[in-house]
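Chains: A, B, C, D and E, in written order; residue numbering restarts at 1 for each.
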Amino acid sequence: MIIHGITIILFLFLYVIAIVIGRSRNLFAAVMLSGIFSLISACLFVIMDAVDVAFTEAAVGAGVSTVLMMIVLNLTSDRESPPVQPKVFPLLVALLTGGVLIYATKDMPAFGDPEALIHQSQTTNHYLWHSFEESHIPNVVTTVLASYRGYDTLGETTVVFTAAVAVMLLLGHVRESETPPKLINDPIALVGAKMLIPYILLFALYVQFHGDFGPGGGFQAGVMFAAAFVLHGMVLSPKHTLKAAPALIIEKLVALGVLLYAAVGIYCLFKGGNFLEYDVLLSHGEKPNPHGQHIGILLVEAGVGLTVFAAMLTLFYKFALRGKA
Amino acid sequence: MSNIIEHLPVLQIVVPLVAAPTIVLFRNSTLSWILAVLASWFCLFGSITMLNQINGGGEIPTYLIGGWDPHVGIVYQVDIANAFILTLLSGISAVVFVYARTSVRDEIPEAKHHYFYAALLLCFTGLMGMAITGDAFNIFVFLEISSLSGYALIAMGRNPKALTAAYRYLIMGTLGGTFILLGIGFLYMMTGTLNLEELSHAVPHYAETSVVRAAFAFITVGTCIKLALFPLHMWLPNCYTYAPSVVSAFLSATATKVSFYVLLRAMFMLFGAALIAQAKIFLSFVIFLALIGIFMGSLKAIGQDDVKRLLAYSSIAQIGYMVLGLSLDNADGLTGAIIHLFNHALTKGGLFLVMGCFMYRLNSTKIKDLAGIGKKMPLTMLAFTIGGLSLIGVPLTAGFISKWYLAMGALQAGMWWLLVLILLASLLAVVYIFRVLEAAYFGTPEKEHDVEEAPFSLLFPTYVLIGSTIFFGIWTEPMLGAARKSAELFLSSGGAL
Amino acid sequence: MEIVYSISAFGILFSMMLALIRAAQGPTVFDRILAVNMFGTMTVLFIGVVGYLTNRPDFLDIALVYALMNFIAIIAVLRYRDFSVDPAEEAENHEHS
Amino acid sequence: MSLWQHLPPGTIMMLGALLIPLLPKKTQGWSAILLPVLSMIHLLTAFSDGFLLNFSFMGNELTPIRVDRLSLIFGYIFHIAAFMSALYAAKVEDPIQHLSGQVYAGAAIAAAFSGDLISLFVFWELTAISSVFLIWASRTEDSLRCGVRYLVIQVASGVILLAGALMLFHDKGTLAFENFAHDGLDTAETVILWAFAIKAAFPFLHNWLQDAYPKATFSGTVFLSAFTTKLAIYALARGFAGTSFLIPIGCVMTIFPIFFAVIENDLRKVLAYSLNNQLGFMVVGIGIGTPLALDGACAHAFAHIIYKGLLFMSMGAVFLRVGTTEASELGGLHKKMPYTTIFCIIGAASISAFPLLSGFAAKSLIASAAAYSGLTAVTFVLLFASAGVMEHSGIKIPYFAFFAHDAGHDVEEAPWNMLLAMGIAAALCIAIGVYPSALYSLLPNMGIDSHHGGEVYNAYTFGHVLTQFELLVFAALAFALLIRMKVYPPEIRAINLDFDWVYRRVLPRFVTGTLSLFKDMVSPAGRVLQERTVVIREATSEWFNEMKTQKSVESGYAAVWAALLLACFMILYMS
Amino acid sequence: MMILLPILIPLCTALLIQVLGRIASDNVRDGAHTLMAIVNFYFVLQIVPLVLNGERPEFFIAEMLPGAPIYFQVEPLGMLFALVASGLWIPTSVYAFGYMRGHHEKNQTRFFTCFALAIGFAIGVAFSGNLITLFAFYEALTFSTFPLVTHHQDADAKRSGRIYIGILVSTSVCLLLSGVLSVWYLTGTMDFTLGGIIAGKVDDPFIVSVLLALFAFGTAKAALVPFHKWLPNAMVAPTPVSALLHAVAVVKAGVFTILKVSIYIFGFELLSSVNDWLMAIAAITILFSSCVALTLDNLKARLAYSTISQLAYIVLGAAMANPIAAMGAALHIVMHAVGKITLFFCAGAIFVGAHKKYVSQMDGLGHKMPWTMAAFTLASFSIIGLPPFGGVWSKWYLCLGALEAGQVIYLVTYMLSSLLSIGYLMPIVARAYFRKPSEHDEEHVHEAPWMCVLPLCITAVGSVLLFFFASPIRELLLPIFEGGVQ
């Protein structure tokens, strides 16, 4: 009951923020508010028990996105030009789409309804009841993500890689700013950040490997890793960071992450299994083979983490090193 | 790796997918190109092998990725329709990638070549993935890959407008992708499965629920955005116009086609059985849209000054044809739609390659700049002529076959008026193609430009595609057979929509 | 215990609302930055409370991430916001919107 | 059967004619004279009465050569006429005339020997094609137009013949050119008769003749006068002998040209009318259809070709020397052209049927035949017509050309070859008149007068001669009287239109009328269409421009469309 | 394979010309063109004995649509058409040689290329074994001739080109293709079958009428009245094109199509139940275009309208739905071809030799250009249908067919048209021979180059010879009409 109340309030917040963002011409305010928006949605995810999603949302939505958007705002104006199309159009779009969505909820099973087919289906049952015996990993989400639907995750990793490639393609050859943005002349920030960075990295490693047991995994860890470097780049300067993590190497890491993932799959082929069939890893022919699953998941998670980390950092580099037009 | 044939379905995706990061790793223009070409050739080999096998009455066993059962993991189920589309995609890529070498060197800065090829391969991978997969969510994943790389590729055009075009495409594409995702989510919510096979069995049971219906609506609109059905076509003309030649050729031949294929699959395999009652009114609505698309696209194509843009509008019209064939809801119409998908891909791809040749030599594709070019670049112009004829649907070219089947479909549906409209619309194609031909062959150039024939490295791939429009206009059996079988598959699997 | 958690949760929500209003209204950049920062802190607290409310203390991991991210975001704002714009003008701008 | 027997008579002339243009200009005319001679030899040596050549062509059984007495007599006279005409024209330096003249004559001869309708049609049309050049050869504006008119009508006759042949073939499966008049005329045969009627210049179908002949060259007219109409007479004699309604037609033909001839100023046209009138006699003869009447028709045709040729030759000579044959411009030439005058008078007397001249010998056959058949009225009509002939041809022609008031033309006598040709013709006129039985022996029925016990007909009975003289004297008196009283129609320069206004005025109007009707019908639709397309084009281009300008809003619109479509689909799926 | 050669050789010739146009002199190129024309004719002739023996040589290319392959079969009608097209290609190639030189035309390589292509496609039409193949080549023919029409590249040429392609393509796509589709849909086959394939499958006379209309009007190459405009417009092309293509190959492809459709798709029996209006239209076309021809001063335009009228002869023959008329129609394809090509040759020769294209300017040309005008005269007679020219025989059968069909009115139409054709052809002859040339002409007019004159003399003589040697053609055609003729 209480949870319901909290949820409703949080949703109210969301509506309000969305409307305010929609009406605001001030982009800085919009960025700030969208940071808040993603924090609230992360809270909602937590309440809905989708902790892995909440994790990602917090790391990407509230953290890295805000950073990148700030950088972009820095490169352009923070005032939005008045819209060209009639104002009624966006409303129309929202009403129509919203109408359909609302209509869709009519026959929707109630949230958490145990009778809902989604909870009854063969698929869900298999995930819930067989995943541990098959992979010895308590966090079902990780098993589903990295093994059952590992191919999707390969795809998602590729999406990240694609995004990185896209950015490199578009911004690959930008002139670097002649006058680097001023350093923050604040020793507190500097020291605080410097102290924090190792812990962030450590925490990232924790997230990477703790994924088997709790919320976490390659995606979140990658972002955390990148966040540490981003922090470094912000409090010192991106050029300093480049020395620690040269752009070229980072770019290659993006590719390597995907390759690592795919290589695991292909190795499975060579071992006589299907693509991404971890059972054949460390195999003595038995099935299910939790060891194989385990090592497979570990490796692909590493691949994911690598790609996400490198991609995030690349994005940061590309934007942060770009001079104001 | 005991038997490569056994793993062909997944290798179709994995090979280009692996090639892309490898390219990024090596950062070498030539090597990138070689890898891309090899990957696409491998895929072509693979898809032809599979197509042959299925065409020969064989079956490709369901490929279980990760070794998991269909209801647990992701499977690849290659049927005739899949194989058909895969062959088309990899065939187009195999040619376009070869062509890319010279064209890319001309249009893209050297330092970005490897990214460009990587993006191209990724786009290719995404499209292949959408075509082959048997899993609803997997479609979305690959849709994302292809879309993202597509946006970037389009933005690489030399004209600054390419960026805006890509941006607009990004907005529309994201909208479409989101809709599709929502639809898939809804379906999953109601059925608890993402496997298409299982979905197609499960969905009819929940056809009456608002969720499934909303899912259908979202998926329909989402795919329609991606395939640029009128009136959701607005992103397309600018993208095709300002994208680099290779990209125009590649995307025009593949991207919308795959989206159409997804729509086809969704319509017939998921909705078909579920929405029998709504079929009639729904179809007439789609026919209406398709017809407007055909005529509007053709009419606007007539008014264009830039040939690439002209071709882009013509694409909208041709998409109208495909959707029309789909909505006729009979074997001939559907065969027409599917074979038109194939034929139009060849034709339009070929034509955009020709445009690439012009870009390479003239740096423009404006009609007024093409005046009198027929004399300077006869082979290029000949290719355009043949492609144009195929677009019009002249017999002995591929375009004719598809129009034939569409028209037969209209007859079978008892819609004589539609037959007339279809034929009338192809006349509009005559007008816009002949505008170009007239200028190129009989126009007098404003100033004598001193240009040579396009280089062999561009002409050869162009002619492979253009030649294939003739080849498949005469020796139609393999592709037509596949299209027909696909149509039958669709019609039987979903019942009559 | 649950009552306590509940009350604190609603209390936090209330403070979040206040921060939200400030972030939305501005009118100066500093208002917004401060509001966001405060909101982040509230979120961390909130997740902690909810974690205990639902008996899932491992949510604290997430709260930790939030705290970190909040810090980084604020650094980014400070780093990339051009503060040379006159706050008054900023306020005026806001009036218009 | 030798090769020569495969060549229809006359073909030698046609083929030979093709070589004429290749010869030097001076010799062309002279070599043309050779052709009829050669052809005559060919006819005489290769064929005999009763010869038939059959062969199958294009699936039809054809008889390109059939020789019998009827065709032979026409063959002979056509050769003679061709020879005379060629001789007359020998000095003309115009290869086209020689060529077409010989082809024309040859075709007429060949037509006379055609045993089936296709062959007949072929040569029939060939006469039309070749003869038109003789008209054009005058090279005047008038003659050019007239030639086309002439050709149209001649070819019309041909195509009608073809139509008739087709219908006959379709109905009866035969193409044989036989007498069609045995058991009444069916449609096909009537159509064929119409074809013949045109060429034979039946009333109301006759105008081409008066139109064209005066416009041909002076030598061309001589050719023209000999063949076309006589070929038609031959065809009528062959196909429609004994068709009784030809008798009144023939009667009308004999009468009405007289009036036109009398008022006509152009003497060649007068001759053309008189030609028409003479044909009337022959048609009557054919209509009567008794052997004697047929003989009469043939004999008359034979004689007529000669004397009418002679008259045209003399007028041609006048035309050559003076440059016109308008009566109003002529007169008093007898001093300058005495021989021509004499020959003309012989011809005129001949046509007027003075005894001892050929006309008398021939015409009386028909008159007698009519009388024998009890056609008294016809006999009288023929008598009257004879008087009329005397009136306009016998007296008017020589009088106005050579006597009357002296127009004061200072001209030379005609060239010797022309005089020679005229001389031969005149001699023949006299020879036949004096010794008609020679002609009679050539006739199809040998001139057997069954009424008089199967003997050869005798023209010179007392009654015949007397009647004729009375007639002639009265006619001459009438002429003298009329001239005296100044009531004889004066010679006015005018074109007398009779039935030819139909095709000179009505037909062109018909053509232009239909065309404009068509245009009226079609062009509004076309104009409307054109306007519409313009409107559409403008409208669409406006639309295009509009569409081009809206750019930045596109994605916004697209999103709206997407949402709208979403709603539409939703509603559709819900329904 | 043998029957493929006559189609392939022209196409290869096109290629050869392109190559030679680039690497060799013009003379070599045009020589090759003529040589290939001769070679092609030789190969066409090789097929004749087979067809005469009753064989139907066939060649199967590919199953384009299931049950509707690209497939060639030589039957007498097609044989005849191929003979005409390929035979007349030889003189035309020589003529074009002279004409294009004499006229200093540009883009000659393109011209000869498209020319050869058009011939190849025309023979393709002739040898088509089913409707779809025929349609394919019909369309190809349209497109291959487009560059020839717009050859001069000026505004006039472009405008005419648009009308040309507009009418031909829109009719063929909207109507003819609809017809083909419908036949396929209704009968499930498109093979040419003696006796027709629709008969027995469709019995609603309305539908049959509609089908007939689709074919008759869809084949705009046959220039029936509402769709005849393209032909006069096509006359902006250089004369060899007008001569061979727009008097022989292209237009004959149109009437050939109608003829084939009436014989092999509808069948006479079925056709005779619905043919009334088509006959009327054809008759109207005959008379109308003849009348128009009378009023035109431009020689080529006049000839074009004459062609329209003559084409309608053939359509009328086909529409009369009996073997005799069809035989006449088939014969007329040959007879008119030889005659009309000569006329066009002459028109071109006059253009080259005297730079005249209006009838009113042609006074006295006969003396300066004796050979040309002589040929013109002979050909005119042939067109009019006078003996002894080939035109007689076709008209004979056409008229007989009209009688057979019980339609005397169309017999009269044919007759009337002959007279009208005198009206528009003979004045030209008369003028040329019997009018005084203007003084200006005395110096500037001369006989066209021998390369122009020789072919036109040959074809003129040919029109005479066809009168005497028409029997073999009839023999060739007889099997189709067995029982109907005699």
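Assume a contact is a pair of C-beta atoms (placed from the backbone, for glycine too) under 8 Å apart; a residue touches a chain by one contact, two chains touch by 3 or more.
Computed from a predicted model, the values in this text were never measured in an experiment.
Removal of chain D from consideration leaves all other chains as one piece through touching.
Chains touching both chain C and chain E: none.
Farthest from chain B, judged by the mean position of CA atoms in each chain, is D. With centres taken as mean CA coordinates, the chain nearest to the overall protein centre is E.
By number of C-beta pairs in contact, A-B leads when A-B and D-E are compared.
Taking each chain's centre as the average of its CA atoms, chain A and chain E sit 74 Å apart. Each chain gets a centre from the mean of its Cα atoms; for chain B and chain D, those two points are 78 Å apart.
Centre-to-centre spacing of chain B and chain C amounts to 47 Å, using the average Cα coordinate of each chain.
A separation of 119 Å divides the Cα centre of chain C from that of chain D.
Contact of a single residue of chain C with at least two other chains is seen at no position.
Counting partner chains per residue, chain D has residues 557, 559, 562, 566, 570, 574 touching two or more of them.
Among the residues of chain E, none is found touching two or more other chains. Under the touch rule stated earlier, the contacting chain pairs are A-B, A-C, A-D, B-D, B-E, D-E. Contacts from chain D toward chain E in the complex involve residues 57-59, 96, 118, 121-123, 125-126, 128-129, 132-133, 136-139, 143-144, 147-148, 151-152, 155-156, 158-160, 162-163, 166-167, 169-170, 511-512, 514-515, 518. Partner chain B is touched in their complex by these residues of chain A: 100-101, 103-109, 116-124, 126-127, 147-152, 154-156, 158-159, 161-163, 165-170, 172-173, 251-252, 254-256, 258-259, 262, 265-266, 269-270, 272-279.
By the touch rule above, chain A contacts chain C in their complex via residues 2-3, 5-6, 9-10, 13, 16-17, 20, 23-26, 28-29, 32-33, 35-36, 39-40, 42-43, 46-47, 49, 51, 54-55, 58-59, 62-63, 66-67, 70-71, 73-74, 79, 181, 184, 189, 192-193, 196, 200, 203, 207, 210, 214-216, 220, 224, 227, 230-231, 234-235. Taken in their complex, chain D has these residues touching chain A: 552-553, 556-557, 559-560, 562-564, 566-567, 570, 574.
The touching residues of chain D, when paired with chain B in their complex, are 540-541, 544, 547, 554-555, 557-559, 561-562, 565-566, 568-570, 572-575.
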